[in-house]
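Two complexes follow with chain A in common, the first pairing it with chain B and the second with chain C.
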Partner chain A sequence: MSRPGFVLEVDRSTPPILFHHGEGFRLEKLPPGSRVVYPAEPVAPLKDPDGAIRHALLNPVGDSQPLPSLLHAGMKLTIAMDNQAVPLPPMQKPDNRQRVIEIVLDMAAAAGVDDVELIVAHGLHRRQTEPELRHMLGDRIYDAFAPHGMLTQHDAEDHDNLVLVGRTEQGEHVELNKRAVTSDLLIYVNVNLVAMDGGHKSTMTGISSYRSLKHHHNVTGMQHSRSFMDPPNSELHNSTWRMGRLLAGAVKIFQIETTLNTDTFPSQFSFLQKREWEWSARDRASFLATSKSLEHVPPRIARSIFHGIKSPQRMTSVQAGEVEAVHALTLQNLHRQHLVPVEGQADVLTMGLPYLGPYNVNSILNPLLVMCLGLGYFFNLYRGKPLVRKGGVVIMSHPTRWEFHPVHHPSYIDFFEQVLAETTDPIEIEKKFEESFATDPWYIHLYRNSYAYHGVHAFYMWYWGAHALQHVGQVIIVGGEPRAVRRMGFKPASTLRDALEMAEDVVGRNPSITHIHNPPIFLADVT
Partner chain B sequence: MRALQFQRNLPRYAAAKVAGGVVPGFGARVGPLRLADVDEPALPGPGWQRIRPRLAGICGSDLSTIDGKSSRYFEPIVSFPFVPGHEIVADADAGRVVVEPVLGCLARGIEPLCSFCAAGLTGNCQNLALGQLEPGLQTGYCCDTGGGWSTAMVAHESQLHAVPDAMSDEAAVMVEPAACAVHAARRPGLDQPATVVVLGAGTVGLCTIAAVRRHLRPGTLIASAKHPEQRTLARELGADTVVEPGEVRRAVRRMSRSPMVGAGVGDGAEVVFDCVGSAASIDDALAIVRPRGQIVLVGMPGRVSVDLTGLWHKEISLVGAYAYGREAASPAAGGRAGERTFDLAFDLVADADLGRLVSAAYALDRYRDAIDHAANAGPRGAVKVVFDLRGEKNR
Partner chain C sequence: MRIGVARFPLGKPNWPSSVPRPPVKRRTGVDYDTEWARTPAARLARAVIVDDVLRPALHVIASPTVHGADRLVGLEAPAIFVANHHSHLDTSVLLTSLPERFRHKAIVAAAADYFFTSRTKGAMSALTIGAIPMERTKVGRRSADLAAELLGDGWNLIMFPEGGRSPDGWGRAFRGGAAYLSLRCGRPVVPLYIEGTGRLWRRGKSWPKIAGKGEGVHLVFGAPMWPEEGEDARRLAARVEKAVAALADEWATDWWTARQRAAAGTTPALTGPSGGAWRRAWALDADASSRTGRRSWP
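This part shows the complex of A and B:
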């Protein structure tokens, strides 16, 4: 049985705490009385994941028949799947999606289904390269489908292949991939890394258009998602649920969701998963060797080392059937791994940001993604209320270089240079700039034909942090490039000690401090 | 009289070139520029009078000369030793004046006037090395006239423009650079372009932004500026979007919503005013101007290495904009043909409050500090640095 997550109160005997810091780490001595929230240790994985998948497909939940009874010769079957934004880091082979889809395909073949198409549900993310697809799906699936054009990547700008399914009572357009919604059966295969993922959100983001996405990917929605990691209290989810229900009334959907444990890093980085006072001599040696060698290599090399990491995460559950019934079980399984009870809010929330977020697999965690990872994802890893009080301070540790991947994130560069130079207010940004970026023909061309995120995606990164921006009094980045940090309206600090001193100007002397020791991921249940 | 004098001294010129190449403005310490007591220049002929500078600006072309970077092109139209300074507000017989420094046919006593001077295009005068004066394209580069960096000089009556009483010396000293900007903006055939880009936001760039906004009335005016104070001023003077130099290509692409073709913008700006004149800025200009568009070199370029393939392929016009004279009509702004550039420049200085661009004033004996300040104006948050002669003893 794995140990649950817990909250440590720092005292004089507490060793320095590890902070992720991009492609590196920092050991920081937190003031006595600070609290550190540790994730749970990885829960036991399924002993027989393939058997569990078959069982789930044959014993669906909710108002759904077993998968084989939904499959028949002559039907049109579409299998959509999450893209490589999850899990993080990308998992060691075989990926959950490969396992599930191989079994689904076996069942489809047994039923004589020969019109099968696979769609990677990118939404407005960049297309994946062949090696990335092969890693996610395995060579067998890739070679059987891709050469025949039956493995496609959703194109939210291919208007000939989008269909308006309808509009919700709130006027939300449900416009989705034509192949998916004109199929006799749409199977969606997900990897539910965090509580935000899955359910109706999968289809409503993954195979939809900008016209649809803008109903829930907007500043107001994000400011009223408290948090977006807690679906019942998330406007993002309210909207996608309304829209998803409309889709479910028009198309037969069979949802297959999987969860993972938090065995996030391979053995050479095992110290990242341990509590510092439990580090063995080997852990300390690995930490020192890793840290020192990373200090002496250029960021580009360090990045390629880190992006080579494949996570040993393993499947902890799989459930299939009707979307909402499936997702309720998924959340239970996810919470079993992620929930950590935390009492009360702090004046200051500290976090070390790693090299990777959902939008920079094999890419650069540029400053916008730093903001999104810290103020979007990490800040929102709560249920109940934020870990930091209203008007408090968030201190993030990350190099935050003024550096962008020119192929993957072209509109991000313009957003950073031109939009943020004018204003950092999400509402003003949305009003004044979003449409021109979203409809810019060049960004659309790069999204469709190169490997670029959609022109509007940079805006979503900023919106993702809109709730935090509204909530906190100041954001400080430790070790970040001052010019880049200031461009975002944040304050740079050289050391954590400096940052804490700066924070005192906002929250007063001797503030309460909570540090989130993440990743591995957890979800704070704040009371 | 006291004057800063630039002498022909090749070893010192070489030293200035080396020093100025390492530290901008350092040529003033090792080069041929010296502060000296010299004889006042004699009046060259009828129509000439002695004037006493009040303020005299330090221009980018002056700094090029001091740091040994100016082109050898100028050799036949410069005479040594000369007193630099061509941005001048001075006391003349009839009151305060601004000097229009070009030494054309009228100043040289040449009759008949060359065809350009006859047409009012004195900046294009073909007789800059002839007549009653030694060679010199402008006051400030001619050994016979003296220049603004002194307590006394001579000027021809055709060069003098009375300064209105309401105009401060600081504003008046900006008239000459403003005239260069007006002349660039009033080039024929540029009326009301959809998009204009001004590269550089030093004195010339900022004046050009102001002139373009008022004389060209573009749909969108994008400016590139390196330093925060420059960016603020660029906005205040009329730029719609101000970006850092490294961002200008993306800014123009976004404005035009056109594709990037390699490092260039597919369908960029109709007109680009290059107020830097470096290889990098010309490169940028070629990348952001649209096919069949026009690049106007306002900044003095010197010898640069630039790939002109794009110019050929996109059928771009690359033109210079030097000095002043009389301007073409400007229908969008209601400008009539034949207006004197300096008259328009006086209006521009007053309208755009260009006197605020004067950031610092130095006495002559602090010339090294002054030149150092001017050479590093951008990083130091300054724009125009001037010599203040009003308190000089020998004046």
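This part shows the complex of A and C:
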């Protein structure tokens, strides 16, 4: 039985608390009276995930028939799936997607279905390389489908293969992958790492176009998503739900969603998942050996070590059938793992940012992604109200080097150097610069033919933090490269003590402090 | 009186001819006692032999590549590993390719009439690969009891249900031993397909040859199979045989094609086409030559 998450009140006897710090760690002594939110321990995984998948496909929820009765010879079947942005870190083989799709294809084979295509639902993310696809789907699927062109990666700029399904009453264009929309059955396979993922958002981001995405990926939408980790209170989800319902009226969709536990790090990093006072001699030795050796290796090497980590996360639930009924169950299962009750907001929110976010698998967590991870994802890991009060301070710990992956994030470089040099106001950025980046032929070329994120993706990173930027009074980055931190309009500090002193200028003396001990991931239920 | 031989009571007494002699206790064949080979000292020695001698040697000789090991994720030991059988290399390739949690507590059902014909040969087999003697013509009580007892003690069992190496490159019908043990002990059968060992060391050759470029051995793990409700050993054995044939098809084509053919019941049989010997050899050759870089049997 796993222990639930809880809030620790720091006193003089509390040991230093672990902060992730990019490709490294810091142990920080928090002032007495601070609170630390600890995630729940990993819940027990499914004993027989393959059996559970079969059961879910044969016993769908909502208004849906069992999968075998939806499959017949001569039909056109499309299976779309989440891309490698989830889970984080990439999970040890076999990935949930491989398990699910193999069983789905087994049923399709039994029904005599020949016309099958698999689509990786990238949205505006970069294409995946062959090894990345093999890791996600397994060699069996890759070898059977990729050589015949039956495993494709969604291209949001291939206008010949996009089709406008219609417009919602609010005027939102629903433009999606033609193959998916013109199929007799569209199966979407999802890995729900956090509550933001899944439901209608899967198709509406994964296999749609920029014209469609801009209706919900915008500053106003993000500022009215409180938070985007809580779908009922998220404008991002309201919009995708409206659009998704329109699609569901046009295409038969069979949604399969899986959830994972938070067994995030392999045994050599098990100390990252334990509460500090429970570290054994082995954990302490591992921590010292790891952190000391990482201090002496170049960031490039440290990065490659960390990106080699494959998480031992395991499936905790699988549900299939009609999109909304499936997603309601998924959220229940996610909350079983993630929810931690927290009372009241703090003046200062501290967080240690790890090496990895959804957009830098096998890549660099550049300063824009640091902002997105801290102010976008970590800040929004709440339900109810934010962990920090309006006008409070967020302190993040990360090296924040002025460093970008030139192949994966080309438009980020220009965004950082040109756009942020002029303004950091999301509304002004959106109005003045978005269109030119989104339609830039060079970025489009790199997105379609290289391994680059779409030109507009850098903007979305900034918008993801728009709610936090509107809410907090100051953002401080501990240990960050000063010029990169200042470029984003934040303040650099060399130690946590300095950062807390700086925060006092904004929130007054003796502020209340909450630290989120994340990852592993949790969702604060703030009352 | 013979000189030089001590007499009773110093020497052995004569056996009275009127008293029937008890049957001589055989200590070879199926009666060879392999218990010593499962003591901690012998297991340690075997672990060293398997990991530090056999694995590197096989890497040079056969360059084995493992496919589908992910199908074993979450499978708890013990299990019964069942494969097609073309060569003496099969056992070593399979044993060294098993995930560690299975490999170091594994026994191999070896033909009692081949590997245990002498005590030295039996000792070598028991020590190096953890062989236990198994009658290949029937499920003998002694060998079946021993295998069941060891499965019950948590030992993984490797079996080749064809009952011997292929004489001509095609497989033979699976016998029911593995299925019987699976039903009796309630443990899963893991089907495997081994490809290419026959090219390197076929039946009748004294020594293996070293794999050239593109001639390496491939081993495909299948998903564990549990006995179904009301299934008997014969039906389970037939299902296992089909699963191995589907793995062979998966290797020869691709996973999706193999699944489609398995669903349609058109998976090519391991046993090859019926007909004269030359036609079987011909078909084997045609099958092999269609695959780039893979040479025909032998």
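Heads up, the rule we're going with is that the second predicted complex is superposed on the first by the 527 of 527 C-alpha atoms of A that agree within 3 Å, B and C clash if a C-alpha of one lies under 4 Å from a C-alpha of the other, contacts with A are read in each partner's own complex, and residues count from 1 in each chain.
Keep in mind that, in the parts below, a residue touches a chain if its C-beta (ideal position, glycine included) is under 8 Å from a C-beta of that chain, and two chains touch if they have at least 3 such contacts.
As the structure is a computational prediction, the values presented were derived from the model and not from experiment.
Given the alignment on chain A, is it a clash or a fit between chain B and chain C?
These partners fit in the superposed model.
So, does A:24 touch the first partner chain B, the second partner chain C, both, or neither?
neither
Which of the two partners, first being chain B and second being chain C, lies in contact with A:143: first, second, both, or neither?
The answer is second: A:143 touches chain C but not chain B.
In the superposed arrangement, which partner chain does A:426 touch: chain B (first), chain C (second), both, or neither?
In the superposition, A:426 touches no partner, neither chain B nor chain C.
Under the stated touch criterion, name the partner, chain B or chain C, that contacts more residues in chain A.
C
Quick check on the superposed pair: does A:386 touch chain B, chain C, both, or neither? Answer first, second, both or neither.
Neither partner.
For A:112, decide between first (touching chain B), second (touching chain C), both and neither.
Second partner only, chain C.
When the two structures are overlaid on chain A, which partner does A:93 contact: first (chain B), second (chain C), both, or neither?
second
For the superposed three-chain arrangement, provide the angle chain B-chain A-chain C between C-alpha centres, rounded in steps of 10 degrees.
120
Tell me the contact category for A:321 with respect to chain B and chain C: first, second, both or neither.
A:321: touches no partner chain.
Between chain B and chain C, once the two complexes are placed on the common chain, what is the minimum CA to CA distance in Å?
38
Name the residues of chain A shared by its contacts with chain B and its contacts with chain C.
Overlap of chain B and chain C footprints on chain A: empty.
Which chain C residues qualify as touching chain A in the complex?
On the chain C side, the touching residues are 67-68, 70-71, 73-74, 223, 250, 254-257, 259-260, 262-264.
Which bits of chain A are touching chain B when the two form their complex?
413-414, 417-418, 421, 436, 440-442, 445
Quick one: which bits of chain B touch chain A in the complex? Just the residue numbers, please.
Answer in residue numbers: 241, 243-244, 247, 250-251, 253-254, 257-260.
Which residues of chain A touch chain C in the complex?
Touch residues, chain A against chain C: 48-50, 92-94, 98, 102, 105-106, 109-112, 114, 116, 138-141, 143-145, 147.
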